[in-house]
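We just call them A, B and C in the order they show up, numbering each chain from 1.
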Amino acid sequence: MISVESLTKAYNGDAVVDAVTLQLPGSGLTTIVGPNGAGKSTLLSLISRILGPDAGTVIADDIDVLSAPGTEVAKKLSILRQDQNTTARITVRELVEFGRYPYSKGRLTEACHIAVEEAISYCDLVSLEERPIHEMSGGQRQRAYLAMVLAQDTRYVLLDEPLNNLDMVHATGMMRLLRSLADDQGKSIVLVLHDINYASVYSDRIVGMRDGEVVQDGPTSEVITPDALQAVFGTAFPVHDLAGNKFADYFR
Amino acid sequence: MPPLDTAVAPRNGSTRPGTKVRNRIRTVTSVIVVLFLASVAFFLTWGVDGHWDFALPRRIEQLAALLVVGIAVAVSTVIFHTLTENHILTPSIMGFDALYILLATSIVFFVGAYAYAEIPDLLLFSINTGMLVLGATLLYRWILSDATRGLYTLVLVGVIGGTLFGSVTSFMFRVMNPNEFDVLMTVLFASFSSIDTAVLGIASVLLVGGTIAAYRMISVLDVLTLGRDRAITLGVDYRRVVTVLLVIVAGLVAVSTALVGPITFLGLLAANLAYRLTSTHRHTVNFPVAALLAVTMLILGQAALQHILGYAGTLGSIINLAGGIFFVILLVRQSKP
Amino acid sequence: MATVVLWAAVAAVVTLSVASMFVGVIDIDFGAVLTDPEARRVFALSRIPRTLALILAGTAMAVAGLILQSLMRNRFVAPTTAGTVDAAAVGLLVVIIISPGAPVMGKVMVALVFALVGTILFLAVVRRTRFREAILVPLIGLVLGGVYRAVAEFLAYRYNLVQSIDTWFNADFSGIIAGRYETLWLAGAAAAAAYVFANRLTAVGMGEAFATSIGVNYRATMAVGMGIAAFATAVVVVTVGAIPFLGLIVPNIVTILVGDSLRKVLPITALAGAVLVLGCDIAGRIVIFPYEIPVGTIVGTVGAGIFLFLVMRKGNRYAAA
């Protein structure tokens, strides 16, 4: 379990993440939703120590994320962010091998090679492994970065808007992959999504944020309701049952 | 699991993992080593006319200096590129050597020329280098480590800072008396034709130290090519690593600036040519390739200066002229779709 | 805000101009100007020309910077970061080598042609490279300017002109007397012309699609703007030497204070350029009196200091990556 305790980040006096206290489960798929500017991505950056908080603590299982040695944290928690520009000429395999850095410090062991192979085949990248990532399509590159995160073999995998720039087919493929990671490998997947219906169909748990605060936190069935969505988005959407899933009709 | 990608990607033919890249790197490295050796042979023998006992020791000393400068410039530039995630920046554009010259000038300015002349070379070089390492590291770590300041701020501060350092230096030049100025000039810009052996010795020691330190950090440097954020998620202690790397860069800049003064385009061209030729991010490959390219260019430039131009020019201006034009061509061609 | 700043700038220009006329090796007080013919001669020959030259050069370089920034839609482009100054210096060097006795206007015209070609080449390279980050544009300019300068240094070394090119990159007004600064009026005229085109230049600064859609001829206006900036730069380089980073610093400081509308910003930028150059030149005359420190050195120190302060403030407009 990741325990977040009064985590705060402010820019010029405006709190983007405002004293958030939150528990993220040690397994399953948890989605953070909320309107633009709610502080979702910032929260994820703070939890993964990319961004230094103004106050608060993050404890992942028994590790203090903000003060423990970098490699210890890197074996516990990984993050995939949306910006994937890199000037470096790196092939898919080389990229995935980077995921082993916390364990190998650059000298890959036999176990590392196995983990890399598994991650590459899990993400269906075997045929692409010698391709430089800057020559790949957005969907392929997204999978390559995911494979790197998988090779890192952490219990917690954080993803910031992994469906950005993916069409429906690829977005669904990505969500199935994440779901199977949670189910088959017992990982805890925490992601930020814009589309609440993807969240509804695939998540075990949904966290709703608004104005830097957590306003909803519960099992999917409790958060995808007109009242709860009203609290998060400020608009009430009708919610329909369809083939066993709940869908918010936000189109009208 | 269903297929994730409906578009079938072209397969890599019959090549096994990595072979293509490895072959390319091997070919490139071999060609560059041959070029380097040829330029060395050429530099040592051209136009000697039988006066071997006179010409050879002098040329070997020059060669040693060129080696030291080339390696220092290439390694520091490659590190700097990785650190800033930007291939057009160099320590020189960011004001490192302007800072070095400013610091050296301030010593003459504040202690006076006569006291300055009393300071032994070794101590002086150590003071200059120490101050640069301290100043540059503090300054650039401060800028680099704050995530809310972007690359924008970094570049601005570097470029403007470079001007500021340069202006303060020329301000001191103006206020100094001519004797002090002369002392300063001879100390600041030793040319390759008259190398101070003592300085060359210290510089080589520093170079070897800096290069070994850089090699020990090769895997971290590789991780840093993924960017600051990914490096942190992979467990890199970013602040510490950046500090150490900046210390190495500052030390190497001090080495090359003390020996030849600023040569902006040498590192820029050597590093970018290396990236382009090797097509890899790996520092184990890019360090030696960039260094060999830099040294070869210096040797050819020095040979051209001596034999073709009859010393009418400086090595810096030749390298900047040829290297600069070539770099711009590279820049334009590289970004063609 | 803009009006207050405008009048403050006017007041500063007037005050500093007066001060500039009374600072110098020969001590002259106000009464002497009215009574002493020798004092009046010094005034007419040296003090007034120098003050005018400072105002005109400061105005021209600042406006040239503002125009380039507006046209390139990039805050960090200026004659010194777009290769314009270095290209003009190459031109000047070429005239001096080929025809040492050429008249000043001839030198200006050749320097202008080189400055234009150099800036257009910069534009072409920027277009070809298509970098996503705006900050890389001035970096390319610096690199390209470095190439031009390498050409200049190479030629200068061959023809023993190293000392003179140093002064072209670093303005010095100590040699200004009547008869040696008048070309600068042309640079002042170029800055005034920019005001006439201000609205069209603003439109072009909004992008080709926008400019065309509101009926502004994009290419022609772009050419006019580039021409004005290159001409002002060429005149200043030939007459007194470039003032480093003035064109970068002044427009940035002014737009921080009063916003981005070119018509509003342009007069204030012009005045602020004059203020900075006047102030720095006066300081340069006082600090090691009776010797002088070139104005470029002082501008580089003071201006760069101010700019660094602005950039390093927390939460400033440059903070975003």
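Structural remarks
Basically, a residue touches a chain if its C-beta (ideal position, glycine included) is under 8 Å from a C-beta of that chain, and two chains touch if they have at least 3 such contacts.
It should be emphasised that the depicted structure is a prediction, and the values quoted were computed from it without experimental measurement.
Averaging the CA coordinates per chain and comparing them to the mean over all protein CA atoms picks out B as nearest. Ranked by distance of CA centroids from subunit B, the top chain is A. For the pair subunit B and subunit C, the distance between mean C-alpha positions equals 32 Å. In terms of their C-alpha centroids, the spacing between subunit A and subunit B amounts to 40 Å. Chain geometry summary: the mean Cα position of subunit A and that of subunit C are 51 Å apart. Counting partner chains per residue, subunit A has residues 11 touching two or more of them. Counting only residues that touch two or more partner chains, subunit C has 314. The multi-chain contact residues of subunit B, meaning those touching 2 or more other chains, are 86, 148. Against subunit B, in their complex, subunit C makes its touches with residues 76, 81, 125, 128-131, 133-136, 138-140, 142-144, 146-147, 149-151, 153-154, 157-158, 170, 244-245, 287-288, 291, 293-294, 296-301, 304-305, 307-308, 311-312, 314, 318-321. By the touch criterion given at the top, residues 86, 88-89, 93, 148-153, 155-157, 159-161, 163-164, 166-168, 170-171, 174-175, 264-265, 268, 312-314, 317-318, 320-321, 324-325, 327-328, 331-332, 334-336 of subunit B touch subunit C in their complex.
Residues 1-7, 9, 11-12, 15, 17-18, 20-21, 85-87, 147-148, 218-220, 222-223, 225-227, 229-230, 232-237, 275, 279-282 of subunit B touch subunit A in their complex. Touching subunit B in their complex are the following residues of subunit A: 11, 45, 48-52, 69-75, 77-79, 81, 86-91, 93-95, 98-99, 101-102, 105-107, 123-124, 127-132, 137, 139-140, 143, 152, 169-170, 173-174, 176-177, 180.
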